Amino acid sequence: MSSQTQLAGGTTDVDALVRIERLNQEYAQRRPLTGVEFKVRALDDASLTIRRGATLALVGESGAGKSTLARCLALLERPASGKIWFDGNDLLKLRRRELFPLRRQIQLIFQDPASALNPRMTASEILAEPLAIHGEGTKAQRRERARELLDQVGLPAASENKHPLEFSGGQRQRLAIARALALQPKLLILDEALSSLDILNQDLILKLLTDLQAAYSLTYLHISHDLRLVSQFADEVAVMHNQRIVEQRATLDLFTFPAEIYTQELLAAMPSLESICAGRQA
Amino acid sequence: MENLLTVRGLTIQYRAEVSTRAAVDGVSFDVASGEVLGVMGESGCGKTSVAMAILGLFSGGRAFVSGSILFRGQDVLAMNEKSLRNIRGAAISMVYQDPGIALSPVMRVGTQVAEVTRAHKKWTWKRCCAEAHSMLGRVGLSPTDRIFSAYPHQLSGGQLQRVVLAQALICGPALVIADEPTASLDARSQFEFIELLRELKRSSGISLLLISHTPEIQASLADRILVMKEGEVVEHGSFDRVYWNSAHPYTRTLLRRDRRIAEGLPEPRREASKTYQLAKRI
Amino acid sequence: MRYITRRFCHSILLLIAVSFFSFALLQLAPGDFFDAMRLNPEISRQEVSNLRLEYGLDRPLPVRYERWLRSVLEGRLGFSLASNSPVAPLLRERARNTLLLSATATALAWLLALPIGIWAAVQRGRWGDRVCKFATSTILAVPDLLLFLLLLLLAVRTGWFPAGGMASASVDSLGTWAKAKDVAFHLTLPALGLALTLLPVLISHIRTAMIEALDSPFLLAARGLGIPPARRVLRYALPAASNPLISLFGYSVATMLSASALAEVILSWPGLGPLLVDSILSRDVYVVVAIVMLSALLLIVGNLIADILLFASDPRIRTE
């Protein structure tokens, strides 16, 4: 199908939920005692597009700028220049009050759920918190919704009074996902959300995410350095290198015909399990 | 060939969790000289507890430990702290999962490597530093002068992991325990680190207890494999036998994940996954 | 370089602001130096007014402040009405005495607190730590006033220590070495007492910082590599714990003036403390302002020392 070869900007406005255009970000740092300023470039004219209802994987090495991009998209940081279009809105031009209802539609899930969840709150409180902030429902209704969410992510109802540290790693990540779902977002950004889990849990969480995507028409931006995993769940892949997006293609295309040299290097760097095992016999 | 390490009936019960099951329950295995034993299992299965027990790190009384751990014929569990100190770092070493927190943030990296030598040999500090320099070179870090005087926050994750490896190897131990050594690295650094370990295995005949839940890593390095689940040994044997002919369904889920995941996904994605495998066959 | 000049400018601004506010506040308080004289029936109202005019106490606030500022720049720091002399020479000797006492006590306190705090952290939970906690909370609970009075009592009853003053009456006739010994002898009790009051807070902070460092993962890693325990505590834990301790040290320096005030008053140590109390009570405005300024200066110096030490000791601050 022709939708396989979509480059950033090639999709129509109706299809694209997110369009990031030429994002630039730099951090100014000052050497202490001498006060000399130097700038660190975190994003260099980065552009990408995310289709509605699809999963885009953002891959690249550490330090390439993936997390910075995610933070800009989630409005945790303000980029130095560029545009971010979300569902037809120019996010960087809106004022606080107009932005508030949009914020709930973009949720971020981090790599380490233990530090992303307040250890002093119970699971039920953690899930009810975003609802309370956006003024939804009474306290009882929020509690009920928290129970629903726990059920949706496959956590037992009895865990509503547990604290995050009483859960296992995989369960904690489920809790983080449940919290992200509380406000019925359109876009979920997962920043290396699977990296700290062992492979069994990775599979389970991936399956959960796939199910949720089908049920709620979610769009995912999945940041990962693990190409193996990416090949299994992503519709499109964007490759990031040196703070820019090097290419963005449908998964199948990228893996069979990588256009950029850097992408080829990335793919070549990680042999598959079967090839390794085949190599052992020799 | 006499076994370097013999573990029989190892049981570890953490003091704080008397009501729940033991972290490690009746685990037995051997490690021969010059071989790589891979330990696989999901998080919480007890792998790290076993590693800590081999180093005698439970002597502080945090857990009830029973069974026997014979290293070169001597029971580690019966040794006092002083004898244990002679073994740790010199005969048995450990490489940790997160090198960033395994190193002191206010000491130079080279100094921290030299400290290990100083603790075990009666050399002058100058000689210890010289040895550290050479070790840093041998683990593939260069230029050694710059690395030696760098602080942990100035180095990348891959470099830090090599520093921790240098610490572990500098006194020429017989057994190195690597606990998820590549878990915090990105794909390329992972690959390079595995290559480093492979070269090490080839050139120095060191025994390696490799704890990792990633099948690709075990496939690259392990001679024999041990599968743990909830504190018990589920299966063990040569890697090839276990990979191709495992009787245990749990082992199969752990090891042969590519096939397993792909089955649950819709068509286009499955294709990409298979393509990825095809593209990677040697 | 820019950083240093910026720091310097901030400090000057701070000193000026402090001087102005303390000056203004003191003037706002009702009454002035000569009010005490009014109680004396032998001095007539007219004489008091004349004295006021003579000393310029009737001029408006900004004028007096400007004159005082000029006096500061000339190095005289204003005029003390009680002692009938410029403030500067008055302060010089007193400040020297206070610093002698404070510095000795602070050094003593830190020299004792460091090993005790480290030891308590290493012994955490065991009897040594518990004894330590009990002792420090006892000292903390006893009011400083009571502590100094007890020491005074001890001195008087046993005669081991002089009961006050900085030197014996015959001090001027002694040679330099003997003079120094005499002063040291008089210094012992106040310094010990002051050090004792500073000790509990220091020990508590050191212990906490060390415990946090000892619980770090890299300490466990060091243990796993066979590094001996003494080296782990001193080479690994202590440097990692030093950041909060350096800030604490800066605070120690900064509060040296105020910490010793009570000790000086009770144990008759001729420092700035008694002078400050007397000057406040007698409304000797310029002396008070000068002492307040000195205190602010010490605060600035303390912070600067802490910042420099932090820069020198923590590579994370130094390199980016």
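For reference, chains read A, B and C in written order, and residue numbers begin at 1 within each chain.
In this section, a contact is a pair of C-beta atoms (placed from the backbone, for glycine too) under 8 Å apart; a residue touches a chain by one contact, two chains touch by 3 or more.
Here the structure is a predicted model, which means the values were calculated and not measured.
Peer 1: Max contacts between which two chains?
Peer 2: A-B
Peer 1: Quick one: which chain's Cα centre is the longest way from subunit A's?
Peer 2: C
Peer 1: What is the distance in Å between the mean C-alpha positions of subunit B and subunit C?
Peer 2: One centre to the other, that is 54 Å.
Peer 1: With chain centres defined as C-alpha means, what is the inter-centre distance between subunit A and subunit B in Å?
Peer 2: Going by mean C-alpha positions, subunit A sits 30 Å from subunit B.
Peer 1: Hey, how far is the Cα centre of subunit A from the one of subunit C, in Å?
Peer 2: 54
Peer 1: Which residues of subunit B touch subunit A in their complex?
Peer 2: Residue list for subunit B touching subunit A: 41-44, 156-157, 183, 186-191, 213-216, 219-220, 239-240, 243, 253-254, 256-258, 260-262, 264-265, 268-269, 271-273, 275-277, 279-282.
Peer 1: Once bound in the complex, which stretches of subunit B touch subunit C?
Peer 2: By the definition above, subunit B touches subunit C via 55, 57, 85-90, 93-94, 96, 98, 101-108, 115-116, 119-120, 151, 153-154, 164, 167-168.
Peer 1: Please name which positions on subunit C make contact with subunit B in the complex.
Peer 2: So the residues of subunit C in touch with subunit B come to 216-218, 220-228, 231, 235-236, 239-240, 242, 313-316, 319.
Peer 1: Okay, in this complex, where on subunit A does subunit B touch?
Peer 2: 61-63, 168-170, 195-201, 203, 206-207, 210, 225-228, 231-235, 250-252, 255-256, 266-267, 269-281
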